[in-house]
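The chains carry the letters A, B, C and D, assigned in the order they are written, with residues numbered from 1 in each.
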């Protein structure tokens, strides 16, 4: 079995984002998705700090720190892009105007709860940013994360042990092992890493998974 | 005694509006105030349909019906003016950013209640527009109205008999007979029409007035 | 390629069903999407709920929609005008329901729908007939009325310039309700005086970003003047 | 003649008292009014409550204000960053109070203050630690949390261009919190890169109308680069 690397995961997410979609990519791993949107497919990227129509990274030396994404990295603007203020930006998010957001996560539960902002450690300094708004606001919430923690336990869980970012909001999970839909009747495996058998995936995952060969996307 | 005419009333209101004030002038009589702001005194006029910096009426033939005031009359825009949408415009009003609004009224009560949107007649078609927002929102609410109804009864009353536009919000009343402040302890006459004696004014007015010669503005 | 341009007002409105709730831009005639309104009449959808600041002027636009008996209910702030005879007649005959809303509350309820706000407290109308039966609450030293969003199926608005992504600018006070109505409907259709290439609208001056707009129809000022 | 121009950041901030609540623009360093922040440190006001998206980066700006022990409380969405050491230290020592607010709720609470809204229901944070102890309400098929406005004594923001009436435009994503903070404070002070004559800002492209702005200070980009 061959785990997907970060770029393979990003490419797998990108495959599911259709032309014309408005998409917010979270900080970190989700940002990679932008690099894998097929050429010629118009997808409009939103960043919560007040911009639609984000283009590729600027060339070295051409960075302008007045034009950044939510991760505070310099970006560029495509023709057709627009700037707006924070209340309008979060109006877009909370008002369900974004087709997709892609979030990283510590844990996702079988009912679609997501935990990605706080480990709950007593001395940790919490920081939430726009994650809670994105979790409740985007029409489809996609999570991108490694399947297992460094200790080898499943990040897909019966109930999140970390503080929640949002309840019952995740629609699909992309890991380095599988693509899994969160539905009312449980988790459905849509796709698996090359060479991975369902039984093995089930063994690695903390909670029951559904799988039909024909469901493979 | 000489009643003030409409232009004298407007000039009297204009006298009280200082340089730099942001002002909304209601439909009808209050609109006249704009013509009496002394030349060289910069006062910035707001209209609730999304404009700050209204200038004089356009010349005949130069009207553009995309540039109108709340009364749907064509206006012009001064250098320094700005357009914005309705939610922002009423944010300015409700958020207490306007220094003054000048409203017409059917009745004002001793406690500063104002009635100006509905006669309460059963077959009347009600229309409120922005009056209720202005009544609660402007820092100072000025009312401009004739002192007496056509039947000769006082429009300054103990309690409004018409449906209210706003409760306890009027700061000052300008009539064709007097200028009257609404204060916590009652109504205070600030100014009277030329030749009018306080006793006569009190007789014409439905409610007790306070008056000190030295208070004359 | 994303292309929100639609050839005609009729094509843009082809899926409007009976009973739809429609936000109709404009303050009086400024910003009223007249050609879209005409197309709505031609489409013949009935039982509509219309949200507009007014309730029609003269014979065109919203007044014509009322005269054509397409409207079941109007939500507005200022129906009564010198030339609102079609509304007056339908209202007095009882065939048209009216929900009267203070103008700022109307704007804020539309904005709330667009911004995902569930309800809000406004000081406007507290202690008046228009707050009767509504929840109130004292916050700090002021009294407030609880108001709920106005969600809609369609928004029909008039803008000045539009590109194929649906970015819009407006013209002077014709902007009025356009930007907030665009946010609050499932399907926003804008008629524009001019279509431009992507990038021809300054990204600092976009008033309605394309995310809020589904369809853009060019109805040039010249064509309108000729009509 | 109305003239909101003030010669220096120090003059613009001369009346800021101890204990003031200050909205500080910016998202990270984009839009952070660095020279106004420096002047605030120089002014020496203590016990401030600062509202910003973050809690300072590196050694300048808000981080320096914290290091100078001017700040009693921070209301923000994202304090923890790789270079937020001054905040981290003050927070861990217990000398700095933190109110953590989801970013969209932070923006909406500021906007509510500016727009005269008494409170609003947002779906954000429902069912999470950040909604603990807050009023909730089910509206339609969604659950909401009741949130209150953040009013402030001052807003310090950075804009691109300003005129003597206080009209402002911004530069790209440095716009972020500027326009809503300008609405929510009793006294809004903007530092601008460029001052222009009245009328040089297109009235269609004004982002913050002057009604929201009390003072405008020019701090040109060149001067800042040289510093």
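By our rule, a contact is a pair of C-beta atoms (placed from the backbone, for glycine too) under 8 Å apart; a residue touches a chain by one contact, two chains touch by 3 or more.
As the structure is a computational prediction, the values presented were derived from the model and not from experiment.
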Reaching chain D from chain C through chains that touch each other, fewest steps: 1
Chain pair, A-C or A-D, that carries the greater number of C-beta contacts: A-D
Interface copy of B-D among A-D, A-C or B-C, judged by whether over half of the contact pairs recur: A-C
Mean-CA-position distance for chain C and chain A (Å): 35
Inter-chain centre distance, chain B versus chain C - centres from mean C-alpha coordinates, in Å: 29
Whole-Å gap between the CA centroids of chain A and chain B: 55
Where chain D touches two or more other chains at once, by residue number: 108, 111, 115-117, 122-123, 170-172, 203-204, 207
Junction residues of chain A, two or more chains touched: 77, 83-84, 87, 90, 93-94, 137
Touch relationships between chains, expressed as pairs: A-C, A-D, B-C, B-D, C-D
Complex interface listing, chain B residues touching chain C: 47-51, 64-68, 72, 77, 83-87, 89-90, 93-94, 118, 123-133, 136-137, 163-167
Touching residues on chain D, where the partner in the complex is chain C: 108, 112, 115-123, 137, 139-140, 142, 144, 148, 169-172, 202-205, 207
Residues on chain C engaged by chain B in the complex (per definition of touch): 27-31, 53, 77-81, 84, 87-88, 91-92, 100-108, 110-111, 122-130, 170-180, 207
Touch list for chain A against partner chain C, complex: 19-20, 22, 42, 44, 46, 52-53, 77-84, 87, 90-98, 137
Contact set on chain C toward chain A in their complex: 1-2, 111, 113-117, 163-165, 167, 183, 197-199, 201, 203-204, 206, 209-212
